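I've put the structures underneath this note.
Two complexes come next, and they have one chain in common, chain A, joined by chain B in the first and chain C in the second.
Moving on, here comes the complex of A and B:
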């Protein structure tokens, strides 16, 4: 996750309280999604950005996970996401995401 | 129908610059500032390839035309540990130049006496360049003016802010600053701009040599690299196009620069096609040199994974777009995809605007395009760096949209990717991989009847300039010549006659209104 986005996530979590923030990811594959999820839960694994050593434990999902898909208007989802859903390995992304959530999320 | 602009020739060149990887690539120069003692910088030199290894690298042989895209697709991944048999630095579309010769070319392209080379080095380089049919006597003579010793050059680098040039880790030259205060004319910027100019010139000269282009017949040159030249009062004032065309001897041409990050070449191709289609110019060359900053961009990942530094080449390309000759492949100026300001950034909308919409408008299916050429980055470079296989990701998105449009079955996505896609071979030099590397092979495939129709897609990330968050892209279709130019010549449609008839009718109508009859 780039340094600017790490800063944004950190600022928003401080402003609204980490229990009130959900981070939604759109990464194209599992490994990248997992790394971003780890960054906003356990801290920046590359120790380069504002979240290095900061364990926010935020609730984090990928847009293609069923929990989020169920919250989105089906028409909008079809228009914006459904094509990429065909391209991405959704199962792999879900596995990566849920393993990070199970280990590091503090608010589920 | 009165014909379409045609693709009359293309050239592709590489300069292998391992020392520039260390001293000019931004990944490395940044590391030298923030972490000068890093393991990466210590390990880096042992991961640099020899010139011979870079020449025999299969993606490079595809780039200069000695191997075909299909040859790379048939090669087992990864590519860095394999060699192309009978590899040659001389290619069907251009050449691969070693670093020492390239420094000589940089000095020949410098018209402000900013480049200096160590005198013995210059003598050796002149002999190597003179052995090729590349440069004229007066151009080679530029190298004779060097009378500096290594100590002189060292003094300039240490005391006068000059940028050093190394060959085989030895100081052999320098680029001086062009102004005391103006950062836009600093030695760093001058080196960057002279490199893009020299690689551009190399491609233009190879276009003349390999594609049989007559430089005196070129009317207009469009540069589409990603650099900017100018001074503090007009930072991007430009005209790389004219600067490079001057050295390449395009005496009767003028030109200008077109910019759009990685989408630049596709935009420039549209400009060229439109100028030719309108009859403004008959022969327009789209051209670009490469970029020092991107050398070794993913070097940290390559070194970490024990790979050679694969981003060791400054690339260039040139394409000649001409009036319809009834033979060469045509650019369909009426089938153009464009990412508009209102398109949005969701991949679905982007691929829709660039691929599905223009084809639908022309009554074509996505399967009617034999080959798509999006960003043709070499996956050997991008995959170890965690950026995936860029062309393949594009093909999957195109296929998925075809599924959504009901043009193919969901189970056919993999076949669509295989049949309509290619394995990327281009170096990751931003604008260089963007659609245009396929123009050379495409032209040959179309002339041989192997490919009927292809789409060139350029995409760009405009946020990098921090002026807009918009995405960008344009695309165009290339097809086998349909003979529409000769149909007009045969007199099936006489535009002048029609205009005369309309004029006569209008005059009669006006006279009627005035009651003069």
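Moving on, here comes the complex of A and C:
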């Protein structure tokens, strides 16, 4: 995750309280989604950014996961997401995301 | 319990996946309060 976004995530989690914040990702692949999820839960795995060593434990989902899809207006989802969803490995993304959530999320 | 309804939502979209504004449009329909939205580029 780029450094500016890490800083914004850190500041917003402090401002609103980490228990009130949910992060939604749009990464194209499971590995990238997992790394971003790890960054906002366990801290920056590359130790380069403001979240290095900061375990926010935020709730994090990918927009294509069933849990999120179930809460979103189906017409809007269809219009905005479904084209890209078809070319993404949603199962792989879900597996990566749920393993990070199980291990590091503090507010589920 | 709802995941998004009433929550402060941070969106990290991806230029090669789902961009921020598309996620934002969806999250708002679920009652989320979008406090930040960006689109990353992993190149």
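Note that the second predicted complex is superposed on the first by the 108 of 108 C-alpha atoms of A that agree within 3 Å, B and C clash if a C-alpha of one lies under 4 Å from a C-alpha of the other, contacts with A are read in each partner's own complex, and residues count from 1 in each chain.
Please note the rule applied: a residue touches a chain if its C-beta (ideal position, glycine included) is under 8 Å from a C-beta of that chain, and two chains touch if they have at least 3 such contacts.
Everything quoted here is computed from the prediction, not taken from an experiment.
Shared-chain residue A:61: touches chain C; no touch with chain B.
In the superposed model, A:31 makes contact with chain B only, not with chain C.
In the overlay built on the shared chain, the residue A:86 is in contact with chain B alone; chain C does not reach it. Counting residues of chain A touched by each partner, chain B versus chain C, the larger count belongs to C. Judged by the document's definition of touching, chain A residues 28-29, 32, 80-81, 84 lie at the interface with chain B and also at the interface with chain C. Only residues 346-349, 351, 386, 388, 393, 396-397, 400-401, 403-404, 410, 413 of chain B touch chain A when the two sit together in their complex.
Per the touch definition, chain A reaches chain B in the complex via residues 28-29, 31-32, 79-84, 86-87.
The touching residues of chain C, counted against chain A in their complex, run 2-5, 7-14, 16-20, 22-23, 25-27, 29-32, 35-36, 38-40, 42.
By the touch criterion stated above, chain A contacts chain C in their complex at residues 1-2, 4-5, 8-9, 12, 16, 20-29, 32, 36, 40, 58-59, 61, 63-64, 67-68, 71-73, 76-77, 80-81, 84-85, 88.
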